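Both of the next two complexes hold chain A, though its partner changes from chain B to chain C.
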Partner chain A sequence: MVLSSLPVLLGRFGLWAVAAGSLWALIATVVSMRKGGGWARSARRGMVVALVGAILAAAGLEWALFHHDFSLPYVASVSAKNLPSLYLFSAWWGSLEGSLLLWCLLVLAFAVPAQQTKGMGEKVRRAFPLLPAATALFFAGVMLRFANPLSGWPGGGAGPSDGIGLNPLLQDPGMAYHPPLLYLGFTGLVVPGAWALAILFTGEKEDWTKPTRRWVLAAWGMLSAGILLGSWWAYHELGWGGWWFWDPVENASLMPWLALTAYAHGALAQEARGMLRRWNLGLLLLAYALTLFGTFLTRSGILTSVHAFSESGLGSWFLGYIAVFLLIAFGVLAWRWDDLDDPKPPGGLITKEGAILYNHLLFGGLLLAVLLGTTWPILAELATGERVSGGAPFFAATIPPIALPTLFLMAVAPWFGWGRTGKESLRPRLIAGVVGGVVVSGGLAWARASMGMGMGGWAHVVSVFILGAVLGPILADFVRTARAVGGSRKALIKRPRHWGGLLVHLGIAVLAVGATGASGGKTAVDFQLAPQETAVVVEGVSLRHVGVTVKSRKSHRAWIANVVLTQQGKEHPLQSERRDYGSNWPGTTEMALLSNWKRDIAITLAETESDGSASYRVTIQPFLSWLWVGGALSLLGFLWAGRKGG
Partner chain B sequence: MNRQAKTLLVAAVAIGWLVFSGIKEASVYFKYPSELTPTVLAELGHEELRIGGMVAGGSLEREGSDIRFVMVDDGEGQVLVHYVGIPPDMFAEGRGAVVEGSFTMEGVFEAHTLMVKHGEDYSAEEHPDRENIRSDFGTGIPDPGG
Partner chain C sequence: MTRERRLALVAITVAAVIAFLRWGLVGRNPQAPLPSALEGKTVPEAVELPLIGSESEVLFPFLAEGEEGWPAVTVVNFWGSWCTACEREMPHLVAIDKEWKACREEGGESCPVLLGVAFYDALENATAFLENHDATYPNYLDLEGKVVVGWGIYGAPETFFVDRHGKIVERWVGPIDVETLRRIAGEVAILP
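And now, the complex of A and B:
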């Protein structure tokens, strides 16, 4: 029996404090909704106790990671003595147990200050802790019962002399930031979800959209950043030219994003016209449930087999919690249904509120497609006993027909009016859109022709036109506003929500051009080349294999292939690597990348032979870098929209 | 029902139809090697199929981008797989893999897609086998896209 050190003991105690504090907060909140006053203060104290407990647990875990306390199986499984400090720190969320702790801590860290949000009534404020307290209690319960990052070895051994280390694929700065960003987005959703539930429970009529706007923007922005960073990491680190795989882990982050995006537009209609309250409440609650559902899908083993799931208690807890939440949340929504009626009937299709209804429909369709595509193997096995897999072909067939109308709506709907749309205001915008579409289509067609690339598929052609149609009216509007305010920069950027929102739209349009261009025009060719041998990849692009050198580095051995990539007559010397991390981990690749605004060329080293030859895969994807540019523009738009005065 | 509601309903039905008809077309069977008994094989014929299992130790042969290996699982039964292309990172003997393709006349599974299986083996009851790949977050292991 090994005695654990004080920080670890404090951390274990902290986990119990999370459970006790959040349980107390939950009970006191329920009582306070009837009795008020002192109970509400007591509930608040419970939340603070839980937060302090979570901080203690996280500190204990980090202490153990930095002191290589391998008497904790978690520490032994995600870290090793030779791991650099950054990855020792990020090993916190290197696996399930620690991720749960991070999640729990973030929920509490958001919820405690968020309860003070200005502009919410006293009764609603009192009911606010219901959802965050329940969430923290659930996570604490799961950790204490199934996945405690601070528990010792069964029987209490001192553990191995060194840990297994962090998966080499995860030893990358992008991988250090990507999960916390996603978790920030997921857990940030607890706050608007908590207000939604509080409003439903109290039956108050107040409008929550304005006070919670910046919370929603923050969660939405961080979720978007997390998804983008994950994609960027997959492209650069996995090294196989892919940037989105429709993997359940990715879909799990996309689903709440889709629900939240629908909500963010619905909230506009609610704020301007008092409409869509039911939809909006439902979407917020759904978005919250989807963050947990994603975790359930990817962690319970249910995707492998329904039977594996039934043996894992963790999965049943997640499913049970989600089911109870949905029953209660949508039960109360149904109960309040008649109180939440829309005061105004929706206008026609050519109005803002009409377009937002279609926005909800299309985002609902995208969500349904992702949800069904991800859970189909489970549903089919439950229904027929046969395992099937859906996967990429399904998404390739169903997503574009729903996404392209969504993009089209995005180009035109911002110029509609509430209630009615004046022809005189719409016509110049439509003209600017068509002109923009023609100009951008022409420009990109020229760029394609100059590189000898084909048209890239109908989805790409449509996306390119839509980009122009989004850009044209924005530029026209900007010039018009600039003239009207006489060049005063302050007056020009006075409407952060207007310009921020348009910038997000523009970024999405750019991203769509990148996504459809890269997937529609992807070419992948495999070569085996002797030293100094040259191969033609496509017209205008050739690859010369120079030779291979072997290097021993701190954590791995690397086979470094030197190549010369020639594009349009210009030579680019590049290096592509394979790495061997020893027997604990399989090898990884570091691709060579030549990227410009027209296309990305990635060279992956597959294998090296003793005679000095090497085999490569060369992947060419048109307009791929537009993904990252578009993503960055959107994130800037989120920041802009979050400025004061929005 | 007003016109707006009717149009919305028609659009909703169209989207629903698109999604549900798509999923039926795109699904393929998923089997483990031990399930591929002669009867099942006869039924399947040359149908598109996914097989999940482990790359048997000592079975991996590579000549350039020409790859042959045997896939096994817990039960009895094995499948000889042939794949042309570059396997993804983390592909190795003793690790999980998923292949998609169909059986040839000779009974060899001709795979056009080779993926690495990951992140699904979590079990918290006993501390899980830490040798297994545990892609606990972020993006999945890539599909080289055959």
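And now, the complex of A and C:
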């Protein structure tokens, strides 16, 4: 029997404090909704106790990781003595148990300050802790029952002398930040979800969209950043040249994003016209449920093939909690349905509110497609008794026909008016859109022709035109506003929300050009080359293999291949790596990348021979870097829209 | 619609969704296949690898995609003696190999062939592992990961099902069992 150190003991105590504090907050909140006053204060204290408990647990876990306390199985399974400090820290969320703790901590850290949001009524504020307290209680329960990151070995052994180490795929700066960023987005959704549930429970006619706007923007932005970073990481680290795999893990983060994006537009209609309250409440609850569903998909062991989790009953707990939430939340929504009716009918198709209704339908369609594609293999098995592999072909067939009309709507709808759209205001915008579309299409056609590429598929052609159609009216509007207020800086500062939203649209349009260009024009070629041998990849691009060196680093051995990539007469010396992390893990690759605005050329080292030769896979994808530029523009847009005065 | 009907609608919908998920996901084989971007890919180029127990290097896999002479089904299992899940899985592979050997000895037409690849592994550890489990089907040693990158291996164990044209039709991530091996190999064998 090994006596655990004080920080670990405090951490274990902290987990119980999370459970006790959140249970108390839940009970006190329910009572306070009838009796008010002291009970509400008590509930708030319960939440604070839970938050402090979660901080203690996290601190205990980090202490154990940095002190190599392998008497904790979790520490032994995700870290090792030779792990650099950054990855010792990020080993916290290296596996299921620690991820649950991070989730729980973030939910509480958001919920405690969010309850003080200005502009919300007292009654609704009292009911606010319902959802965060229930969420924290559930996660604490799951940790204490099935997946405790701080529990010791059965029998209390001292554990191994060294740990297994962190999965090398997670040993990348991108992967150190990616899960917490995604979890920030996921858990941030608990705040709007909590307000939605509180409003439904109290039946108050609360106008929540304005006070909660920045919370929604923050969660939306972080979720977007998490998705983008995940994609960027997959492209740079997995070494297959792909950047989006329609992998269930990716889809799990995309689904709440789609629901939240639909909500963000619905909230505009509610603010301006008092419309769509039911839709908006429903979408917020749905977004919260989808974050749980995503966690269930990716963290219950259903898709990761980790035996223990499904056997332990964790999956059933998750489903049970989701079921209870859906029943209560949508039950109350159904109950209040008639009290929430929309005061003003939409003014017509060519109005902002009409476009937002369409937007809801399209996003509903996208969400349904992703949901079906993710669970399709199961549905098919139900129907036919045979297993099918769903995946990419399904999404390739269903997503573009819904996504392209959505993009089109994105280009025109910002210029519609509320209630009615004046012809005199719409016409110049439409003209600017068509002019922009023609100019951008022409420019990119020239760039393609200069590299001997074809048109790149209809989806790409349409996206390129839409990019111009988005850009044209924005520029026109900006010039007009700048003239009116006297200076472009003044124009930008004056309506942060307007410009922020448009910048997000522009970023999405740029991203769409990158996505359709890269997937429509992808080329992959394999070569085996002797030292100093040169191969022609495509016209104007050749690859020379120089040689391979082997290096031993702290946590791995690296085979580093030196190559010279020649593009249109210009030589670029590059390095492509393969890494071996020892006997516990498969190796990873670090591809060499030559990226410019026209195309990405990626070189993956497949294998090396004792005679000094090496095999490579070279992947060429047109306009791929536009994905990251577009994503960055959108994120800037989120930041801009969140500025004061928005 | 009345309030009661709306509530009933919500209850029924939620119950149906949850029942579907419960049946379809939780109740399933925990080693459900990882939907893969690699399925339908051709077999990567053949590479010479040491054949464990023979002291000679042999081409793996024996043929390239599109070449004549592939068996109806080739099952390729990637493993390592360092992997605990492989320890659990190995008896299933040995059992199915007996079955398929018997099939070939009886002169069956579409009997599957099983191959193993131990990767990032020491020769003596891999050899001892195979001896402990009485595994006698061909096992290659990929000491430096020459082939695992090309096959896109994410971890051990992983099992690939290759059809009679040398095309990968199915990839199974995580330990596999006799029933699954038999079922998927059966499905692949009847492909044209």
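Operating definition for what follows: the second predicted complex is superposed on the first by the 624 of 646 C-alpha atoms of A that agree within 3 Å, B and C clash if a C-alpha of one lies under 4 Å from a C-alpha of the other, contacts with A are read in each partner's own complex, and residues count from 1 in each chain.
Note that contacts are C-beta pairs under 8 Å (C-beta built on N, C-alpha and C of every residue); 3 or more make two chains touch, one makes a residue touch a chain.
Just so it is clear, the structure is predicted and the values come from calculations on it, not from any experiment.
In the superposition on chain A, contact of A:177 is made with neither chain B nor chain C. Of the two partner chains, chain B is the only one touched by A:99; chain C is not.
When the shared chain is aligned, no partner comes close enough to touch A:66: not chain B, not chain C.
Of the two partner chains placed by the overlay, only chain B lies in contact with A:77; chain C stays clear of it. In the superposition on chain A, contact is made by A:334 with chain C only, not with chain B. Of the two partner chains placed by superposition, chain B and chain C are both touched by A:242. Touch criterion met: A:375 reaches chain C, while chain B stays clear of it.
For chain A, the partner that touches more of its residues is B, with chain B and chain C as the two candidates.
In the superposed model, A:323 lies in contact with chain C only, and not with chain B.
In the superposition on chain A, A:408 makes contact with neither chain B nor chain C.
169, 239-240, 242, 245, 247-248, 300-301, 303, 311, 377, 386-387, 389-392, 526, 528, 584, 586-587, 589, 604, 606-607, 615 are the residues of chain A that lie in the contact sets of both chain B and chain C, per the superposition on chain A. Within the complex, the chain A residues that touch chain B are 73, 76-77, 93-97, 99, 146-147, 153-154, 164, 167, 169-170, 175, 178-179, 182, 230-231, 233-234, 238-242, 245, 247-250, 298-301, 303-304, 308, 311-314, 345-346, 348-349, 354, 357-358, 361-362, 364-365, 368-369, 372-373, 376-377, 380, 386-394, 397-398, 401-402, 522, 524, 526, 528, 584, 586-589, 604, 606-607, 615, 617.
Those residues of chain C lying in contact with chain A across their complex are 3, 6-7, 9-11, 13-15, 17-18, 20-26, 28, 30-37, 39, 45, 47, 80, 82, 85, 119-122, 144-150, 152-156, 170, 173-175, 187.
By the touch criterion given at the top, residues 2, 4, 7-8, 11-12, 15-16, 18-20, 22-23, 25-31, 50, 52, 62, 64-65, 85-92, 95, 119-125, 127, 130-131, 133-145 of chain B touch chain A in their complex.
Across the complex, chain A meets chain C through its residues 169, 239-240, 242, 245-248, 297, 300-303, 305-307, 309-311, 315-316, 319, 322-323, 326-327, 330-331, 333-335, 337-338, 375, 377-379, 381-382, 386-387, 389-392, 526, 528, 578, 580, 582-587, 589, 604-608, 615.
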